[in-house]
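The next part holds the structures, each set out as structure tokens.
Each of the next two complexes has chain A plus one more chain, namely chain B in the first and chain C in the second.
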Partner chain A sequence: MKQYLTKRILSSLLAIIGLFIMVFFLARLTGDPGHLYLPIDAPLEVRKEFSEKHGFNDPIYIQFSRFVIDLANGDFGDSLRKQRPAIDVVLEALPVTLSLAAVSMFIALIGAILIGSLAAYRPNGVFDRISRVVSLTAASAPDFWVAITAILIFSVSLRWLPTSGIGGLPYWIMPIGILLIRPLGLLVQVVRGSMITALSSDYVKTARAKGVREKVVIFKHGLRNGLLPVITVAGDQAAAIANGAVIVETIFGWPGIGKLMIDSILQRDFAVVQASILITAIVILSINIIIDIAYAVLDPRIRHK
Partner chain B sequence: MLIADKKISMPKKLKRVYSMFLNDKLALISIIFLVFIFIVAIFGPYLTSDSFTKMNLRLRNLAPFSFEHNFMYFLGADALGRSMIARLIVGTQNTMFIAGSAVILSMTIGGVLGLISGFFGGKSGNLIMRLADIIMSFPSLLLAVIVLYMFDPGLFNLVVVLAFTRMPIYMRTARAEVLEIRERLFVSAAISMGASNFRIIFKHIAPLTIPTLITIATLDFAFVMLGESALSFLGVGIQPPEVTWGLMVAQGRNYLQIAWWLAFFPGLMIMLVALSLNLLSSWLRIVLDPRQRWRLENIGDKNE
Partner chain C sequence: MNVKNLSLAISTASIIAVSGFFSPAFSAGKNLTVVLSEEPDIVDPCEATRSNVGRIVKQNVSETLVEIDPKDGSIKARLATGWTQKDKLTWHFDIRKGVKFHDGEDLNAKSVVKSIQRALNPKYDCEIRTKFFGNMSVTASAIGSHTVSIKTKKPQPIMPALMGTMTIVSPNTQEAKGVRNPQGTGPYVFGTWTPGQSVTLKRFSGYWGDKPEVENVNYVFRKESAVRAAMVKTGEADIAPNIAVQDATDSKMDFSYFNSETARLRIDMTRKPLDDIRVRKAMNLAIDLDALKGTIFADGVVPQTQIIVPSINGHNPRLKPWPYNLKEAKRLVAEAKADGVDVGKEIIMIGRLGIYPNHTEAMEAMHAMLTEAGFNLKIKMMETAGWLNFLSRPYAEDRGPTLVQAQHDNNNGDAVFSMFNKYACKGAQSTTCDSKVEAGIEAATVAIGDKRRDTWQEVQRRLHQDIVPDVQMFHMVGFSRVNPRINFTPSISTNSELQVSQVKFN
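On to the complex of A and B.
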């Protein structure tokens, strides 16, 4: 187990390093980094001075080693937009996205377990058919379109909810509701599939034959085993929910890392882009490692390997 | 002997698939809808010719569902008085073309990389899988935004970026399949007869992985389409005056309060196509999985 975890963490570190090398060289591939870092209308003298100051005229390997040394010291450069260390800007935005994502994922997971188990209880029954179409529709809905349709209905026509911004509970309802739609749709499918397998297995038949109550059979024997694949898929959804957060934060004006990244990209604040790439990657990979541990805790077959 | 058997059983098999189709009404409706969209994507733009850019300022933001003007204005008109139907049709072609090319590209490259990685294993195989991990560990949308921002957002770059972000799925699937197929007898036979690695991979192993890859591609088409529309929505996808459904939603967003149909219809199209693909692929998965196939066949027996 320990060995497995060490291996996982090492390969995650490798992935982060790979991602970072990729970003570094991609940024240089496009030509003068001044194009990326400076505003479009910056005059030529400013560009020259900028290149000189940041050493973009040096050979690429020297630039790269400097980049690595700065990183090792926790220095991502300063945000051009906010005139502050880029890493501070990113770490301020991170909690907003994390809370948004965590709440959405939690609700999606609980909802998926309930709906999926009910659907799996009678495969091809009425509830199963309805939940299949609804969950597939949810998985197919473009989130940005659902978001603006929801704004149209709940904010513009009914005036129930605020259109955008951050604040009390009413501000959370639409962003969370929209962010959880796609994971919910996908997870219902996964829960249904694995619960069907679990409920038709021998140990469930044995439990029923022993006369164990149906509730216990479903929630203790079935769900405990049926949940395992669900946890893995929920982990894969971490990256997907970050995608959703970009859209939701942009539309609802939330100051999270997704909006920060889009804004920094559009306003050429490349130091912030780099810092947010690294932080996002670290968060996603840590979530995946935590999920691996959870998997091992829940499944003794893996724990004892 | 084997070949003869195959010939006899072929029509029977087709008939079985056909009857399984009829038993899943949703899959049937989906395939009819998708064929319709496919035909529109190919021939539609010839019929509408240039009316998708033709402005008619008197019909600005014309409301949908009225027969007062000609049929092209049945779904209303946009802020410049351009027909919604014509724009939707041209958008169909662009959307389908981009998603289709990206899926084919990522399936081919991802599939080949997966085949190589699975067949040779070892260090190079692991390296390829690490590449898949890197791509998977990062939100594809952000990766695409960054790349499209560094290079120019255009048709070609858009397709390449979308293909790149979807590659890991094919790499992993192809690899997993090869690891199993590699151990089978006919591969050992080919090796012992002195076939080259190239021949074994592409002639003996690749054909067996194709059905699985295509099932994944069906589902992936929906995701790529959603990805493309999100990118166009964020303004780094296809650029005006070209039009895709995602871009239409983005443009319609500014007129949300006065003309809801501008954003509503293209988004609805995205959802319907994605839903049909989802239904079709879930049907495909059942048909291709012998353990689940009885679900569709049993209903058929009762009907007969």
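On to the complex of A and C.
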């Protein structure tokens, strides 16, 4: 297991280095940041002076070597727009996205396990049919439309919840609610499918024949084996949210990393683009490693391999 | 747990979650909440020409020597009590006495000079410098305790208007780098900035002018117009300075105002067949502006005849908008074709996503109108970065004929802030080079009084009638939503600043 993990971490490091080099060059292919930073009416002389001052006119290999040297010293550079260290900007945004991702994935996972397991208990029963329709609808609902509709209903018409912003529990309800709809819908489908398979397996039949209580059969024997594909999908979904819940962050005014990444790409703020992609990549690769560990914990066969 | 229990649990949780126990934070008392579309990257007053910075700091935290009256473009005193032109190259400004910066420093000639020098320092990419003083050599010096001399190498008859853009900051402000806690002389002191969430200001007890009614200001940022409109509707915010036309649905709360923006399609006159004036005239005649107004564009927009709005010095009120005349447009196209002009050549319409509401629909409608007149066009919608490659120099040599969707904002009192860049031979976004226009721009730039106005007006006439460098569209309107507890009327300057001291409570 230790050897496996070491190998996994090393390959992740290689992936990050590759990604970083790619991001550096791809970002510069988009053009000169001065064109977007300076006002449209700025004279040509000012544009030239700006590019020279910030080194955007230097050959790309010089820019790259400067970047590598700075990075080796732990310096991601300053945000052109915000005029402060890019890493500070990114680390301010990261906890916002991570807390959104963690809370919504936790609720989605618990909800999906409960609903999916109960649906699988009596396939094609009333609960199963209802949960299937609802989860399929949820999995395909467009975030933007749901978010604006939710604001109009719960904030403008009913006045139950704040429209947006960061604060106490009321401020979390709509963003989390919107964010968990899709993972919940997907996970209910996956839990249901894998639990139907697990509950019809021989070891479950044996457990029932031995008189084990139904609750134990479902949640211990069935669920433990049925969870493996669920973890894969949950990991993917968590990674997707950690990569930036852009729509929720934008609409509800949560200054997360998704919104930051999109803004910095559109503004050609290279230092922030690089720092945010690196940090996000580290988070996603960490999630993948955690999934691998969870697999090993749940399935002894993987541990022993 | 059976299905019944589970359903009950889920229902209970839902009811608790959305129950009315929660009461959102509403704006109240003498406090004001303003919801802006974008958080500033930096709040240095030197960047106050950016609307998201200007709406927070300009004239609230940091004031200018003079300010431009949005009604008629005239110049009013602010931190300067008077100004005189000593000779063609020199202006003197008398600085108001008894004014303190928020950090306790005195406002005097020395502090004003230091502030101007900071803004014009090439080591700092201050937008005031790059936008208004880029090609100018300016020397500021103190010639008394409260008199500042400003010298230029070329005559600058509109120096007072230029000083309306120059925000004055404390002499203790760090040089060559933007600040996150600006210290000015304005009626509000910069409070806190929670990145991504809010900026606060509080009333300055030592302000030299009238005491404003609003005590504290909280700026929050929401990108979606529907959310900004909803925040004012629910009382979470008091003012949303700009909302989209489709969200301005409440006549009691929503105001439309001329926002100093002028929309056009910039014609690349250097490329065939757009180098033929009959083609350019036909394009203007083919656009049915009445059909666009009140449908794709807001009802309040006004067909334009020039790139500046009527309140700007140099606007020519005698010009008439192009009429919609498809028959004449087709005749001009046919005439050009008969003379060998390749009118069937594909012309690319370069659009910019988000440039104004219904940007894509506007392009599609104009595409249909121009196609009907006999042109062969294709639309390309782009993000700002790609679009700028077509709008501004250096232009690609191998580019084909283009019409670029553009919008220009000038609420700085004079046509000079528009004309060189748009229509001079070396203008950053110009594709025309006409000797009469060039001479007119040069002459008007250094002229004063009636001569200045008349010269600009002749330049506008020449462009409109003889050169036709644009497909002229509209002087645009913006929409603000204002909470009924507030007495505030948006104006042309709301596009770039929002003076909290003008806000009263009903």
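Quick note on the criterion: the second predicted complex is superposed on the first by the 265 of 305 C-alpha atoms of A that agree within 3 Å, B and C clash if a C-alpha of one lies under 4 Å from a C-alpha of the other, contacts with A are read in each partner's own complex, and residues count from 1 in each chain.
As a convention for this text, contacts are C-beta pairs under 8 Å (C-beta built on N, C-alpha and C of every residue); 3 or more make two chains touch, one makes a residue touch a chain.
Everything numeric here is computed off the predicted structure, so don't read it as measured data.
Which holds for A:P229: it touches chain B only (first), chain C only (second), both, or neither?
So A:P229 meets neither chain B nor chain C here.
One more residue to check, A:T137. First (chain B), second (chain C), both or neither?
first
After the superposition on A, what does A:L14 contact: first (chain B), second (chain C), both or neither?
first
Go through the superposed model and pick first if A:I148 touches only chain B, second if only chain C, both, or neither.
Both chain B and chain C are touched by A:I148.
Name the contact category of A:T250: first (chain B only), second (chain C only), both, or neither.
So A:T250 meets both chain B and chain C here.
Considering only the touch criterion stated at the top, classify A:V156 as touching first (chain B), second (chain C), both, or neither.
both
Considering each complex separately, which residues of chain A are in contact with chain B in the first and with chain C in the second?
30, 36, 148, 151-152, 156, 250, 266
Would you mind writing out the residues of chain C in touch with chain A in their complex?
For chain C paired with chain A, touching residues are 1, 3, 6, 17-20, 22-25, 39, 41-42, 49, 122-123, 125, 127, 129-131, 134-135, 177-178, 180, 195-197, 220-224, 226-227, 230-231, 233-234, 236, 383-385, 388-389, 391-394, 417, 421, 426, 428-429.
What does chain A use to touch chain B in their complex?
11-12, 14-16, 18-19, 22-23, 26-27, 29-30, 36, 123-124, 132-133, 136-137, 139-146, 148-149, 151-152, 156, 189, 236, 239-240, 242-243, 246-247, 250, 258, 261-262, 265-266, 273, 277, 280-281, 284-285, 288
Along chain A, where are the residues that touch chain C in the complex?
30-31, 35-46, 49-50, 53, 79, 81-84, 89, 92-93, 96, 114-115, 118, 126-127, 148, 151-152, 154-156, 158-167, 169-170, 173, 177, 215, 250-255, 259, 266, 268
Give every residue of chain B touching chain A within the complex, in rising order.
Of all residues in chain B, those touching chain A are 26, 130-131, 133-134, 136-142, 145-147, 149-151, 222, 226, 229-230, 233-235, 246, 249-250, 253, 256-257, 260, 263-264, 266-268, 270-271, 274-275, 277-279, 282, 295.
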